[in-house]
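I have a structure I would like to understand better, so I am pasting it below and will then ask my questions one at a time.
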Amino acid sequence: MALKYVGHSLPSKDAILKVTGQMFYTGDMQLANMLYAKLLLSPVAHGLIKKIDTTAAENMAGVVKVFTYADVPKVPYNSYIWYFGQDEPKTEYLLSDKARFVGDRIAVVVAESAAIAARAVRAIKVEYEELPAATNPFEALQGGQVAIHPGGNLLDEVEFQVGDPEQVWPGAEVVITDTITTPRTHHAAMETHACLAACSPDGQVTIWSPCQGVYGVRANVAEVLKLPLNKVRVIKAPVGGSFGGKQETLLEPLTAFLARATGRPVLLVLDRRETILATRTRTATKSVIKSAVTADGTLLARDIETVIDAGAYTANSRVIARAMGKKHFRLYRIPHMHYKATAVYTNTPVAGGHRAWGSPQVCAVTEIHMDHIARQLGLDPVELRLKNLVQPYDRDPLSGHSLGNARVRDCLHTGAREFGWWQKRERPQKNGRFRRGIGVACGSHPISYFSAHQDLTSMSLKMHEDGSLTLNTGLHDMGCGLTTALAQIVAEELEIDPSLINVMEADTERGLYDIGTYASRNTYVGGACALKVARKLKELLLQQAAILFKTTPEYLATGAGKIWVKGQETQSRSYGEIVAAAMLQNQVDFIVSTTHRSAALPVAYAAHFAEVEVDIETGLVQVVDFVAVHDVGKAINPGFVEGQIHGGVQMGIGYALYEEIKITPEGRPLNDSFKDYFVVNAPEMPEVRVFLVEKGEAGGPFGAKGVGEIATVPAAPAVANAVNNALGTNFCDLPLTPAKILARLKQG
Amino acid sequence: MNSFAYIKPRTKEEALSVLHELGARAKIAAGCTNVLPDIKAKKLADCVLVDISSLAELKGIKVTGETITLGSLVTISELLESEAVASDAAVLWQAAKVFADPLTRNRATIGGNLANASPAGDGIVPLMALGAIVTVENVNGKREIPLEDLFTGPGQNALKPDELITAVSFARATNTKSNFIKFGLRKSMAISLVSIAVVMETNGDKLDRIRIALGALAPTPVRAKKTEELLAGKQIGPEVLEQASELIKTEVEPITDVRASREYRLHLTGVLLKRAIETALA
Amino acid sequence: MEIMNEVKVTINVNGQQVTATVAPEESLLDFLRNRAGATEVKCGCNKGDCGTCTVVLDGQTVKSCLVLAAQADNKQVLTVKGLEKEQLMQDLQVSFANHGAVQCGFCTPGMLVTAKTFLEKNPQPSRQEIREALSGNLCRCTGYQKIVDAVAAVAAGKNDK
């Protein structure tokens, strides 16, 4: 049967609020009697705080109070925690008593206006005893004298292995090694970080936050403030972009504390510099990758050693070291594989999750390396990949779980055709100033937490007496269109217009449980839950209709929001009529709820193709063509899927060519504004041609998989490979800035 | 407690007397595209903002005989919309086209660009190649400063605290060939890593005279006079261009910063000189 | 004319006269958000680098964080809400919504204002011209493609997808 709503590009339900400027983001919110907070960030990369003098600031008219580490609870926490009881090293405090990076939180002012708070922050005098700083992991590992945390600078080491690569190296026909680095980047959501907190006389604190997981926020806030969970209410506010940047509990515990300490609502909005330095960054990595291959290009063994720059606090680095490892095992069939990661503290901004949680790093490493192998063996990069890629329903060698309907080969075939790969390969290279190059990369990213963590989500669906509905969830729409997609799923199942459905997002008090909007799991897990709860409601409707029609459900038919006894369509009754009648006559409430847990760990795949033009006199790279093919199972809303991919490609092009938060060896950030931290703007973006492979994924609603993160995964290496193809180079250090390119060309 | 004050003179005369009274405490505010970010970055404090943005005397583009005069409040967008600039000061028009982005161009003034004295100023470089003269006034009267002599260092100009740039003028460059190249890391919204403006008078395929100005290659925008001399009177061919692009590197003193290294900037200088001349001649 | 430590300004915001006493260094953006309640004007950087604060000031499209509130005294400001009275803005709003040009929406009010004044000047732009016109407005979600689609569709007079 043709689908009526699923598979259609309906506009996002909240678009109208956004185009009319009526969407209220956290920074737009106003509560009576509200105060404004402003942070004082450390200007030194590493130093002991000798003295803080807050008198001048506190004496300013309009300043309510200045808080330093001495005034806040001395409870360590880990901002990355996203469910209650999760056990991870806790190294952060609301405010630090030692500066560990430029951007560390030293003090906070609460004042009657934002302007006063900003002025007061400047009046705080801090004396630091500067300590030597370690700003790269290698230094930090050696540096005995620089201990960023009491236990030393080594945060963690982890190893995974399948087979026995050691036994393969000696006899291998070809062994190729590369050292590949990926930069520390900024999420660059247009909305900076913000949080609003207020407390009620009964001691409950309410927090509005553009977060990705209200229950993680609640767990952290409750822990730091020593409150019962039901005294912390977290409401997901509209999100002006996150990309993982707002996934951790960064501002909420502090803002909640300030609201309790002052007894008044407190709004904390970071500026751009603070958001770049004092929130989270994409983890910078340096990896050595070594592969054994046969002369015809079959991968036999692989070894990867990665060093992860955690920055100054633990956050997710211990976990991402593991996640990155697992991600290495899901793209190619390699019988013998070893992965080792070392996560290290440095005196730099803290690393955290950033769209696809390590996958872009992993993908840059494997895919740039794959092209090196192809060049070395004289093979076509597409052919080389086709020889080694996983097949549908292969098993992840590490966990033993099925990869699901892994359609990466289809992506590669489609992409090569649409991109004109073979024609472009045969085109003779231009001489002169501009050189053209083409590149391809494949990528993978899982779309649930199955087997790794709890992967729960609950929803309730209520039908009102007129047939309109409210779907209550614990989910967070980041602007990707999730709530609309859920409405499409429910609408499809109930055969009604999606506009009849309100979708409520996360609220720890009024909403239902969900572990959080991470891991591209919302469509696969959340969408499946929505489908399940819709089915349950339909059952209830049929059951109640049967009573009203004095028959049994098997004799009923449904369509277009109506129910009738088969053969008597003219006497159909609308859902609303049935609800209203059944509430009166049968005393039933039309609310159903369900909990869904994923039962598999399918992986989303993609193949990206880039064509670049490199100006060999200046090193400037322009991306002139881009094809992105994605294995999405089924696109619930193709327009949203394309939108995710366009944005992902933009981020990937930035990762390949422009973006890096640069920190001097002394720990001083060099580009803490958009003036020097380049986000790709409209004229730099090529037209991206998107193609979808829709072959269905069991367990996903209507066969859908997630796409939000995979969208960005292969983009950067595709661009890097295109540059290497254009120039005959083997660039392995992102971003490929013009200066880097030129320096290499000059070496000859 | 506030470290800023504000005053809005109604006429140029009033502005001059305010500047005279306030001396170093005055901070002229025109389009504020530098002033406001500087306030936000705390580079600027404790001053009286002298808002000149509505002074009619400082507005407008005038063509008198062979001279084009830009009031100091002329915005970059106005340069782009001016037919006189497009036809008789093409190098300036080209620079305006790649200046910042369309929104910033609506506010940024040419006077602010000159006074701000950024080594990378995209308004300065083409005007230097046009041999522009800056008109500066204070309560005592008027003086004219060749644009080349306006700058004393990065962000430093030769104005006295009570002086106001009122205009900048240059001879119409009708029979010239010119080109401006801004090299930034993206096409728009990027600060120049290196910029170059060339204005040439040619006679057949011989180059009679050339003026070359460079941005972001020294503490201030500079002319490349030795290179100009080398090229003057020459027939332009690959060899001469090669020579010139080597020589020009000796005339600049670029620094290494977050945007680019010294070596890279030096290299670009040679490349862009060739390109600018070739494009202008094409 | 006098030196003022505070400046009393009156700005017409979307047809409403708003009067307030502001600090000399206060930006038009802060005035709009904090004094005129125009929270549809966003602040993504406060330094002129992102375009989320774009408004029309006496007919000119500007980044409001780059204008002193005092400089806008006695002037007229139109935000996306004020421009909504015009058909062209309504067309753009509908087109943005229908083309998926809106994701998180934080860049949207600024994008729309830029797009509207651009189309008035250049009603038949190429896609590249649209891209250049939007170069001062950053968006991190959409890769700009659907924004360009939405603007191009309005220019071409076909709004509904």
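Here the chain labels run A, B and C in written order, and each chain numbers its own residues starting at 1.
Methods note: contacts are C-beta pairs under 8 Å (C-beta built on N, C-alpha and C of every residue); 3 or more make two chains touch, one makes a residue touch a chain.
As the structure is a computational prediction, the values presented were derived from the model and not from experiment.
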{"item": "Chain contact topology (line, ring, star, complete or other)", "value": "complete"}
{"item": "B-C or A-B, whichever has more C-beta pairs in contact", "value": "B-C"}
{"item": "For chain B paired with chain C, centre-to-centre distance based on mean C-alpha positions, whole Å", "value": "28"}
{"item": "Chain A-chain B separation of Cα centroids, rounded to whole Å", "value": "44"}
{"item": "For chain A, residues that touch 2 or more chains besides their own", "value": "675, 681, 683"}
{"item": "Shared interface positions of chain B, touching two or more other chains", "value": "187-189"}
{"item": "For chain C, residues contacting two or more additional chains", "value": "23, 46-47, 49, 132, 135-137"}
{"item": "Touching residues on chain B, where the partner in the complex is chain A", "value": "1, 42, 183, 185-191, 258-261, 263-264, 267-268, 271, 275"}
{"item": "Chain B partner contacts - residues on chain C that touch it in the complex", "value": "1-7, 23-25, 27, 46-49, 51, 54, 60-63, 65-68, 70-71, 73, 114, 118, 132-133, 135-137"}
{"item": "Contacting residues of chain B [partner chain C, same complex]", "value": "2, 4-10, 14, 18, 22, 29, 31-33, 35-37, 39-41, 48-49, 51, 53-54, 77, 100-104, 106-107, 187-189"}
{"item": "Complex contact set, residues of chain A against chain C", "value": "9, 11-12, 14-25, 27-28, 113-115, 187-192, 238-243, 271-272, 478-481, 639-640, 642-643, 645-651, 673-675, 679, 681-683, 685, 687-688"}
{"item": "In the complex, chain C residues that touch chain A", "value": "23, 26, 30, 33-34, 39-47, 49-50, 52, 79-81, 84, 92-94, 96-100, 102-109, 112, 127-128, 130-132, 134-148, 161"}
